[in-house]
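In what follows, subunit A forms one complex with subunit B and a second complex with subunit C.
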Partner chain A sequence: MAGDVTPDPPALEEVPATDEISDADAMAERLAEAGRAKRASDRTRKILAYVVLSLFVVIAIGPAFYLISPAFRDSVSLFTYPPEWIPSEPTLENYRFLFSSTSYVRWAINTLIFAGSTTLLTLVTNSMAGYAFARLRFPGRNVLFFVVLATLMVPVAAVLAPTYLTVNTIGDWPIIGNWIDIDTYLGLILPSAVSPLGVFMMRQFIETLPDGLYEAARLDGAGEWRIFTRIVLPLIKPALVVLGIFVFMLTWASYLWPLVAATDNEFRVLTVGIASLKGQFVTDWGILAAASLLTIVPVTIVFLFFQKWFVQASMAGALKQ
Partner chain B sequence: MTAVDAPAPEMAADDWTMPSLGAAEYRRRARHYRFRTVRRAAGFLSPYLIVWGVFLAIPVGWGIFLSFNQGGIVDDRKFVGFENWTRAWGDSELRTAVKNTSIYVVIAIGVVFALAIFLASLLNRYKRGSNFYKVALYFPLLAPPILGAMMWFFMTHFDFGVLNLIERGIFGGDGINFLGDNPNALLTIVAVEVWRGLGFWVLFYLAGLQSVPEELQAAARIDGAGKWRRFRRITVPTLRPLLLFALVIAVIFNFQLFDSVQVLTDGGPRLGTATVVWFIHKRLFKFQDTGLAYASSIGLLVVVLILTALSFWLLGKRRQREA
Partner chain C sequence: MAEVILRQLTKHFGSVEAVEDVTLRIPDGEFLVLLGPSGCGKSTILRLIAGLEDATRGEILIDGELINFKDPTKRNVAMVFQNYALYPHMTVYKNVAFPLETARMAREEVAEAVQRAAEMLEIEALLKRLPEQLSGGQRQRVALARAIVRQPLVFLMDEPLSNLDAQLRLQTRLELMGLHERLGITTIYVTHDQVEAMTMGQRIAVMRDGRIQQMGDPTEVYDVPANTFVATFLGAPPMNLVGGSLERRNGQTYFRVEGYELAVDPAVSGIAPYVLAEASGEAQLGVRPEHLTLAPPDAEGLPGVVRFLEPVGSDLFVSVMVAGHAVQVRMPPDTRVSTGSDVRLVFDPARSHIFGADSQNLRS
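Right, the complex of A and B next:
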């Protein structure tokens, strides 16, 4: 904060060379003046900085706020001139249509099932695998870890066809095919829970735990599973929360895999559902605005409560690698 | 491998309390020990490895095999050798897609990095209220890319988009065809993606800037170094390793541009916004010319794997320097 209030000492070049000034008083006067001028230019610069920042804030949140207008208007009014910024006759018609004539509720439930299960599955499998890579010694450990890590960035699109065919093939098998297939929850969830990012994060985190912890537990006769569930899991809770938020946000926002894996309306998720509201030729824009607004409001509320975790989680993807 | 195969300390501890064993007995116990460590590790690893193996490792291998085949999604699969690869090389639509994606990657990353470094340095200097600005700038990342794109329909639509309403109302123009004309459409996509990613990169560079020690800046100031000089000699060198790594990561992610294209333009007008992933998806599930999609999928995979290796190498170099 101090940097804001006290200005920097006047830079050297602003002070005239001493041989031009004979009088010490005049020198002091010149210095004070230079200080005042600097302070004034600092203030303008500061105001300018905040104006620029505020401008970008308006750009960042403006489009979402604007949705309120078309969401509560008749779509026809979008095309009238002069434009109607604030709804003159606010209506809930768009929302009535959304709930009665589209499967919005179904999509929302599917999204929660999809993102929730993917997150849970990721947390369980990744923390276990991370523990094995961090603590257990077994032949081939380094090679296996390298092979798994090499798939860190494999794009969904690059394996879209073979993943689709894998799920489709399993779908033809007896019994298991009833559970894992195109247009099933597991068929949607399992291929979304493959990224090794969490395994890597968990391994890094578990490695930092002190060795004494394990030795003490082992002396008390605890097996690996007991050490994992009773000692390691409680200690890595913060890392689990960060990973959980990261995976949840990534999963519920994903589009390409749900687009091809859940074509049946019964299994559609919000992203695919809302995109399907935009017709090829005719689109009811009011309904689209209503659906988009309704979808981002709950996320925004959750975000405002847990913003610090969110920011940490998003950085985890890039920095903690 | 030596560290992995060596018996754990507890084994040695068991040994010296026991009477000396015969060679055969020792081997038997060593085998038993190894079997036990493998079994234990398998217990912890198998839940992840099964999911990973079936739904990622097998698809990667299968994908490579598929790139020498045609069909298989609705019709029968047939082996065609290198035909897909030679056709992919000459396919004009794929070329356009690669060209568009490359143009998009260069412009979008250039713009978003410049803006992010600029805003991050502002936030680093003017700290009052910076938390509010950080949260607000982060906001676009909350919405899925699909919804972000939907919001921008209401900004850029020719008839009722806010930007066009402003353009007509204030400047009296005829409106700008943001999405229906080239090169406007691709530039609009760039703008939308910059809007979405900016908050992330601001926070990213802010974290980098905050790692520059205050004392270094102060010392340089006392030595009479001007603002630009300090930026060039202190800020840039500290950010450089971060910048390179960020660049590679950003290229990896931006090369996969799909969601906003699919919603806003569906590749049009006249392929003006066709991207590589858009091409793959379209060939697989609309055109049924699957062979080309298989080959370009593997092309994408190879590019991304090379970039991933590069990012790990850069990260390793950074670690080394820190150590």
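Right, the complex of A and C next:
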């Protein structure tokens, strides 16, 4: 009976004997085998991942790519059948037409003035407002901040008419009306020069700066303005760049406000200008494509140039003081 | 250089009484240490003097001038923060120069002053670096340089050594003392480290719950603590306290604890006879570990049982249970004693203290 109770000794065969383990060749062989298996499974996984990712790439940049082909073809060849993806006779005719027969250059300059000034002004106003909300103690601060945030929920279209009326009314005032009116640069720029989202973003960023910095600066004799310009602004540079790019791209592509605020061709911006190329009965798609392509290029360059800042700014919270 | 006076200084944060009725006079050139556990209000006093907080009540005077309502930028006090608060985007030079540039000093004068401060703190080689490229000790020096560069009336230091490792802390402590000796600027130094307080302070103010518990030079505070809090806060290991009661018989007062009775003699204990005559009821006997000696069980003394032995090389700390209290005794390292043995604790009554039911030292 006692023999039945005794458990079987463990199967020794499956465990490599000591001398086998110390055998360098056997060990190398085992490692190589395991390595091969791992590499093979890694490869399959990678291929799968690339297939899926490629699909998303096609979805994402497909439409933009679709713009390139017609931009270099004359309009007649656009409607050949079967459709031709790579133009057999590429041409710059569309561009020649854009520059010679439309106000494309004027629109581009206007857009640059519009987007550039809006961006600069937004950075100034939003960083100052953000600083005030983050650092200064004044009555009604929280209520005011809530009001600023609440404007985020108001759709652009809803404030379009009031904004238009405001600017139009100011335009009737003496002296100042010469500068701010419908069909003036200031009238176009000023209503877009503050962004509640930007104020929020600046406030959040400035609040992350340690209190010790402000206190040290105050004891070093610095007033609010000096603290703002010498301590805060340099430290929130990444956030400023991100907000700047954000506002620049949004303004560059904005359509609704410029459409109503700049009716005169002299003040028209690219988006509105391009739309005006679309005829009521006939539309030259080649020219439209060329104009659109040309319009995208500057923002793309700006973005590529500053994209590392995006990463930095989003990392900022993770850094130690 | 200046004399600082705080008069009935009080600061409440909502219902929290951070500082309560603090009155202090810090003579010109003194190095005063505010010592206490975290949350005792010592940092708040610094911030009140600096103007980073407004006092709820009371006055702050520097050189006789009331500065309660003076803007912090104009008080001419310099503060060294616990985390140094260096401007991370500025080089060391710019950091040190910042207060001078803010004061619109001429460029050459700024350069000269920065150079002097840098030499004094031996950071000349670091002037072009950014704070992130410095070690903790170096940052500390830069923070000090920024504080001394504009020759302030008062130095405020808020636990400036607490972020340094032990070795560096020791070294910096000596350097700070040297710096104070050289510059002679009135300094108020906040710390929770009793060793720092004992070694650096010309005077110590021990604080608890927003109030000053005791004020005096380090040996005075150590030798005659005003109450049980000060007695146990200073010293490592702290003063031993044994609970018992005071009894008066035939014109003589006795401190009684289970199995032991100590006759309290006014001449020896330093307690005024009239205080002693009034005292009765619960009391605590306090003796520092270094003033206790182990004796055989048949000797005259506090009876106890040895519980633990802690040899630390230079000394042997013996933990003895006396009437339910653990009592630490400091003995020479070669003392022969074993755990579990009965012993008597012998001490010089002149070095012992009796704390009344209100925890106050009957001597004071």
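Keep in mind that, in the parts below, the second predicted complex is superposed on the first by the 242 of 321 C-alpha atoms of A that agree within 3 Å, B and C clash if a C-alpha of one lies under 4 Å from a C-alpha of the other, contacts with A are read in each partner's own complex, and residues count from 1 in each chain.
Here is the rule we go by: a contact is a pair of C-beta atoms (placed from the backbone, for glycine too) under 8 Å apart; a residue touches a chain by one contact, two chains touch by 3 or more.
These figures come from a predicted structure and were not determined experimentally.
Within the superposed three-chain model, A:P174 lies out of touch with both subunit B and subunit C [touch as defined at top]. In the superposition on chain A, contact of A:V159 is made with subunit B only, not with subunit C.
With both structures placed on the common chain, the touch criterion links A:I231 to subunit C but leaves subunit B unconnected.
Once chain A of one complex is fitted onto chain A of the other, the partner contacts of A:V194 are limited to subunit B, with no touch recorded for subunit C.
Contacts of A:D220 after superposition: subunit C is touched, whereas subunit B is not reached. Of the two partner chains placed around the shared chain by superposition, neither subunit B nor subunit C is touched by A:G279. When subunit A is checked against subunit B and against subunit C, the one touching more of its residues turns out to be B. Where the contact sets of subunit A with subunit B and with subunit C meet, they give residues 218, 321. Every residue of subunit C that touches subunit A in the complex is listed here, in rising order: 50-52, 72-75, 77-79, 81, 83-89, 98-99, 102-103, 146, 150. Subunit B meets subunit A in the complex at residues 1, 3-6, 8, 10, 34, 37-38, 40-41, 43-45, 47-49, 51-52, 54-60, 62-63, 66, 72-73, 115, 119, 122-123, 125-129, 133-148, 150-155, 157, 159-160, 162, 165, 169, 195, 198-200, 203-204, 207, 221, 224, 226, 246, 249, 252, 255-256, 258-259, 262-263, 276-277, 280-281, 284-285, 290, 293-294, 297-298, 300-301, 304-305, 307-308, 311, 315. Across the complex, subunit B is touched by residues 1, 3-4, 8, 11-13, 46, 49-50, 52-53, 56-57, 59-61, 63-64, 66-67, 70, 78-79, 82-83, 121, 124-126, 128-129, 131-132, 136-142, 144, 148, 150-167, 170, 190-191, 193-194, 196, 199, 218, 224-225, 228, 249, 252-256, 259-260, 270-271, 274-275, 278, 285, 288-289, 292, 295-296, 299-300, 303-304, 307, 310-311, 314-315, 318-319, 321 of subunit A. Contacts from subunit A toward subunit C in the complex involve residues 210, 212-213, 215-223, 226, 230-231, 234-235, 321.
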